[in-house]
Amino acid sequence: MAESKWTPKEPMVSAKDVHKSFGDLEVLKGVSMDVMKGDCVCVIGPSGSGKSTYIRCINALNPIDSGSIEVEGQEVNDPHLDKLELRKKVGMVFQQYNLFPHKTALENIMMAPMRVLKEPKDEVETRARELIKKVRLEGKEDSFPGELSGGQQQRVAIARSLAMRPDVMLFDEVTAALDPETVKEVLVTIRDLAEEGMTCILVTHEMGFAREVANHIYFTDRGVIVEHGPPKTFFTKAKDPRTKEFLSQIL
Amino acid sequence: MLQSIQDYFRQLAETNPSWNFIYIYDPVQTARVLDGLWMTIILSVVCVILSVVIGVVGALLQGSPRRWVRSVVQGYIQFFRNTPPLIQLLFFYFALGQFTPSYSPDGWLEVPIISNVGWAIISLSFFAGAFNVEIFRSGIEAVPESTKEASESLGMNRLQTYIYVVLPLAFRVSLPSLNNNLVNLVKTTTQAIVIAVPELLYQLVSIYNDYSTAQNACMVLMFLVYIVLVGILVLGMNRWERGMRIPGYGA
Amino acid sequence: AAEVCKNEAWKKAMSRGKLIVGVKADYKPWGFRDSSGKIVGMEADMAKEVADTMGLDVELVAVQSSNRMQFLEQGKIDLMIATMSDRPDRRKVVGIVGPNYYTSGTNVMAPKAVGLKKWSDLKDKPVCGKQGAFYNKIVTERHGAKVIAFTGNAEAKQALRDKKCIAWVYDDSSIVSDLTSGQYNDYEMPLNSEDDNPWALAVPKAEANCVFGRFMSGMQYYWLQSGKLIELEKKWGIQPTKFLVDKKAQYKDWLADKK
Amino acid sequence: MSARTLIPGITARATTDLPVLKPFKGKPYGHDEIGFSRFLANLSPWAVVCVVMLLALWPMAAMAQAKYTIGDAFDALWKWVPFLVTKGFALNILISVTTMAIGTAAGVLLGLWQISPHPAIQKTAWAVTQAFRNSPWLVLLFIVMLAFPFEITIAGVTIPIPDWMKAVFGLSLPIMANISEVVRGAIQSVPTGQWEASESLAFSRNQTLWRIILPQCFKRMIPPWMNWYAILTMATPLVSLLGVEEIVTLSRQAMEGENNHPELLIPFYGFCLVIFFAYCYPIARWTISLERKFSVKL
Amino acid sequence: MAESKWTPKEPMVSAKDVHKSFGDLEVLKGVSMDVMKGDCVCVIGPSGSGKSTYIRCINALNPIDSGSIEVEGQEVNDPHLDKLELRKKVGMVFQQYNLFPHKTALENIMMAPMRVLKEPKDEVETRARELIKKVRLEGKEDSFPGELSGGQQQRVAIARSLAMRPDVMLFDEVTAALDPETVKEVLVTIRDLAEEGMTCILVTHEMGFAREVANHIYFTDRGVIVEHGPPKTFFTKAKDPRTKEFLSQIL
C-alpha cells in the first residue's frame, strides 16, 4: 500500500482486457471495467458467462492469462504479488457462505483479524460484536453455523469479510442459495454497506436489487461485457439483442 | 473372601478337569496373566498413540509438493498394507533386528537396543499407521475446496488454513474410520505372539501348554479381556466423537 | 473296576477295520512329514505296529500339543502317541496306561563362547524355546531362566543365532542330532540332561482299564522288553538313550521283580 | 413465466443445507471396507519386485556364517512346493470360499434385520453384529473349535465334521458381522427419498426393499464384499494356531522335516507370502475395476 | 373405495383441525381445508411453516396427532387405514424427484402399475408411453435418470405418479431444486394437468404460477392458515399483516 502512488481519484479496481482460459475453454475474452471508490457495481448475465471467474480473478483466486487487473493501483496479475496484502484490501463473500463450521459466529468473525493481522483479542472482539450488530445478528454470537439459517449464515460471512476492514467487497451471488424471505435480510445488509460508501462489486441475479442499489450495471455473456450503463437506462433502453433477450426472460 | 473364591475354583478343577481356572488360585499363573495383560495394554496404548501420530504426519507429507516425499509415503503405505502383519512382525524382528545396534552385557548376548516388544510396537504402529494415513488423507480431501478458498481470501496463508480450518474439520470426518482401525489394531496385538512378545495370548498359550486342562478357562479369559479392552476404546472414541461434534451437523 | 467297560473305541476301530492314531507331524524324528506329505517317524512306526498287532489298517492324524487331548476325548482319534509328557493333570483327562515308553532329557544348545557350566548359569537369562514344549516349564521353574517361546524351532534357532538368547532349550536327542550335523560347530550342549521327563501314550479315559488300555499297556511292555524301541531309535538316528537300555534290562526276565 | 419479474430471486434454489463437508459421494462404504483391495490393486508390478527384493535382504546376514546355504533351503522348498500347494493352500482356498458363502448368507440376513422396523429384532441384530465385529478372530475360532463336536449324528447317520469345517464356522462369525455392516451401510446409503417415493407409489415394505432398494445397492456391495473376501483369505493362516493343516501349519511341518534350519524361514514363509499375494492381487484389481464400473452408473 | 359413500359433490380432500407435532415442536396447529374435485390449490408460506408436513400428512407419510383428513370420504388418520388403498388414490411428487436410478424413465413409470396394481405389461407400457408424450419427453424413454436433466427427471416423476391414475396429485415444491430456465418446463406440465381437471394440491414458491393456475391460494405461517382466497383477491387485497409482509417482500 505504502509504495503505491494510487490516489482516490483513480479507479479503485481497474480491469483492462482480461483474458482467462480453463484448458481449451476461454472463459474471459477481454473484460475491461473501472470501479471508482464508493461505487457499487452489479455484474449480471446468464449462467456460465464467466461472472464468478472474473470476480475470483480480482481476488487472485484464479490467475489471469493476459491483460491487467489493478486494485488500488497494485497489479494483481504480478507473479511477485503479495497475495496476503491484496486480500487485506479485498473482501470476498461466496454463494455458499463457507463459514468455518467448527467455530461460532463470533469466532468466525474474529479469526482472520487475530491470526492474520495479529491484532489483540480484546480489540478484535469489540469490533466483531459491532459487526454482529451491524448485520443484525445480536444474540447469535455463540451459535455455530449449523445452528443458523442460510440468511443468517450469509450475514455472518459478510461480517467476517468486513472484520478485515477491506477497501473493496466482492459478492458472488450471495443470495442464490437462500429462500426468498431471507434473501431480503442479506440484501438490506449489503445496501447499508453501499450507502456507507463501501466499494462493492456484486454478481447477482436479483434484478430488483441491482436496480435499487447499483450505480452501474454490467451485462456479460460468453466472456465479454456486452452492455453496461447506469440502471435507469440499462433496464429500459438496452440496445444489444442478447441483453434484451436476457432481460425479457427475467422481467 | 478371596480365599473362598480360590477354593471354589480349585474344587471346580478337581471335579471338572476341563474347566481349570488355574490362574485364579495359583499365584504364579496369576502373575503371568497379569504380566500378559499389562503387556497387552502397553502394546495397545502405545501403538494407538504412535499410529495416530504416524497417520497425521504421513497425511501431511502426502500433501507435499515434492514428488519424492509423496513416493516414499506411498511406498511405505504399500508395503505395510499388502503384507499380513504376522509376516511383518517376523520380518522386522529377524531381518531388520540384525542391523540395529546392540550392546553386549556378557560377551555373547547382544541385547539389541530395540527388544522384541520394541519391534512389535514399531511394526504394529506402522501397520496401523499406514491405514491411518489414508484415513486422514480422505478426511482432508473431504474438506471442500471452497472452505479453503474462503480462508485464503481472508488472507490466511497455507499453513494457517491447515491448522485452523482444514485439520480440525478433517479430524472430525476421520473419526469413525479411525475408530474402526484402532479397534482393529488392538485386536491385532495378539499376533505379536509370533515374535514371542509376552502379551496376553502368549501367556495364556504358555499356561495351557503347561497345564493343558486350563485351555477352556484361558480362552474365556481371553474373550472377556478383549471385549472389555475394545469396549473401553470404543466408548472412549465415541465420547470423543461426541465432544468433537459441531452443533447443527449430523444426526 | 466298578465301571462297566463299554470298549467303544476298541469296537469302533475293529468294526471300521482301521485304527486312527494321533501322532505329531512337527517333531522330527518321532513324527514328521516326508516331502510327499506322508507322516513318518519313530512314533508313526509304533502306531503301525499297534495296528498290525490288532490286525487293522492304520490311519495317522497329525496332532499338536494344544489339541491332542481334545482329539482323544472327542473320539476323533482312537489312540495318541504324540511325544506327550506324563503329567498327573493329564492323567485326569486321558487314559495313560502301562510303563512310559520313553523319557526325554531336557537340555540346551548354547554357543561355546558363552561357556555355560551349570544349569544355574541360566538364571534370569533369556533362553529361546518353542511354544508348547514342556521343556520351557522345566527351565523356568527349576532354573529361573526367562524363556522366549517362538512358534517354531526354526525361529527359535534363528533367534539364538541372532544372539537374542543365550541358549535354545529342547530335548537332548534333537540337540545332539543338530550338533552332529556339522551346522552348529560353534555350539555345544554343555549341561547334563535333566532326564526325568517320561513320555506316555494314551487311550480314551474310559478305556484305560478296559481292553484297549490293557492291550496298550502290554504293547509297551513288549516294546521295552524286546528292544524294539532301541531298534527304532537306531533306525531314526536318535541318540541311544540310557532309559531304553535300562528298561530292556529290567524287563528281560518277566518274573525277576516277583522273585 | 411472468412470475419472475415480480419476484426477483424467487426461483432460485431454496436449499438451506450447507455444503460444509462434502458428502462422501460414491463411497457408500467405510474406508476400511474397500481400503485393502484398493491398496493391493494399486500396487504396480515393480513395487512387487521391490518388496520381494527387500525380503531377500533378510537372509543375507544369516547366510554368511552357515554351511547350509540359502540355495539348499530353496532346494528343500522346491521339494515341498507340490505338497504345500495341493494340500495346504488348497485348504486355505476351500476354507475361504466356504466361509464366505456361509458368512454372506448369514450376514445378509443379519444386515436386513438390522434395518428391521421391529425394534427388538433390530437391536438384537445390532448387538450380534457389534459383538462379532469387535472380538478377535482367534478367540472366536478357539471357541467354535472347542464347542463344536467332531461329528454329528442325524437320523442314525454319523456325519464327521472335519477340523477345517469347524474353522469355517469360526471364521464365518466375524465375516457375517462385517457383511451385515456392509449390507446395512449400503441400504442406508440409499436416500430416504427412495423409500418415501416407493411408499407413496403404494409399494409395500417388502416390495420396496427387494424391488427398489436392494437392486440399487447390490452393485455397491460387491466391492466391499470382495474386499472382505481378500481379507478373509489373508486371515486363513490364523487357523494354523489351532492345528488345522493349512499352508502355514504344513510349512512348519515341512521345515521340521528339513531339520529346522533357520535358513528355511525365508524361503518357506516367503513362499506363503507370494502365493497369497498371487491369489489376492488379481482379486483386488478386479474389485477395483468393478467398483469403477459401478460408480459411473449410479 | 367401494364402501365409501363419497360423491363427487363432497370435497375430494377435506382436512379438519389437523394438529401435528414433532416432539415438542407443534408444526401444524389446526389446519382445515376443503378441496373439491378438479380444484387446483396452492399452498404458500415462509419456510418452516409446515407446508411439507401438511402435504405429507395427506398422503399418510406422517401420521397426524388429532383432527381428521379425509380423502374421498376415507379417513386418513385411521390406524386401520389401508395405506396402499389410499396411495393408489393419491399421487405425490417430491422436490428431489426420487426417481429409481437403476431403472430407465419408462421402467420408472411402469413399475408401480405392474408391481402394485398387477396390471398386464402391454397395457401398462402403452399408458406409460402416452404419459411420456404428455410430459413431452418423447425419445427419453430408455434414458436412465442420471442421464436426464433436473427438469426432465422431475417430469418423469410426475408421469410416474400419474401412471397410477390417482384422483389427487400432491406437489411439494417440485421446482425448488431446478434452475430458473428449466422450472418452466415443469410448470407447463402441471398447468396442462390442472387444465384437464386433475385435482391438485401444490406447495410452491412460484407466485406467478400460483396466480396463473390456482383457483384457491392458502397462506400458512407457523402451522396455521393465516389467509386464503382466490388468486385475484389474495394477491391484491390481503388483509392479514403477516401475509402482507410476506407478499411485500417477494413482490
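We call the chains A, B, C, D and E, going by the order they appear; numbering starts again at 1 in every chain.
One rule holds for everything that comes next: a contact is a pair of C-beta atoms (placed from the backbone, for glycine too) under 8 Å apart; a residue touches a chain by one contact, two chains touch by 3 or more.
Fair warning: this is a prediction, and the values are worked out from it, not measured in the lab.
When every chain is reduced to the mean of its CA atoms, the largest separation from chain E belongs to C. When the C-beta contacts at B-C and at B-D are tallied, the pair with the greater total is B-D. Closest to the middle of the protein, by Cα centroid, lies chain D. Each chain gets a centre from the mean of its Cα atoms; for chain B and chain E, those two points are 55 Å apart. Averaging Cα coordinates per chain places chain A and chain C 87 Å apart.
One inter-chain figure worth recording: chain A and chain B are separated by 50 Å, centre to centre, where each centre is the mean of the chain's CA atoms. Computed centre separation for the pair chain D/chain E is 46 angstrom, with centres defined by C-alpha atoms. Of all residues in chain E, those that touch two or more other chains are 47, 179-180, 205, 250. Each of residues 66, 70, 151, 155, 158 in chain C touches at least two other chains. Within chain B, contacts with two or more other chains are made by residues 90, 94, 98, 144, 146-147, 169, 215, 249.
Interface residues of chain B facing chain C in the complex, by the touch rule stated above, are 17-18, 20, 90, 94, 97-98, 102, 106-110, 112, 116, 193-196, 202, 205-206, 208-213, 215. For chain D in complex with chain E, the residues that touch the partner chain are 1-7, 10-16, 191, 193-194, 196-204, 207, 211-212, 215-216, 297-298. By the touch rule above, chain A contacts chain B in their complex via residues 59, 61, 83-84, 87-88, 90-92, 94, 96, 98-102, 111-112, 115-117, 143-148, 157, 160-161, 164.
Residue ranges of chain D in contact with chain B, taken from their complex: 19-22, 24, 30-32, 35-36, 39-40, 42-43, 47, 50-51, 54-55, 57-58, 61-62, 131, 134-139, 142-143, 146, 234, 237, 265, 269, 272-273, 276-277.
Within the complex formed with chain B, the residues of chain C that make contact are 65-66, 69-70, 87, 89-90, 92-93, 111, 113-114, 125-126, 131-134, 136-137, 148-151, 155, 158-159, 162-166.
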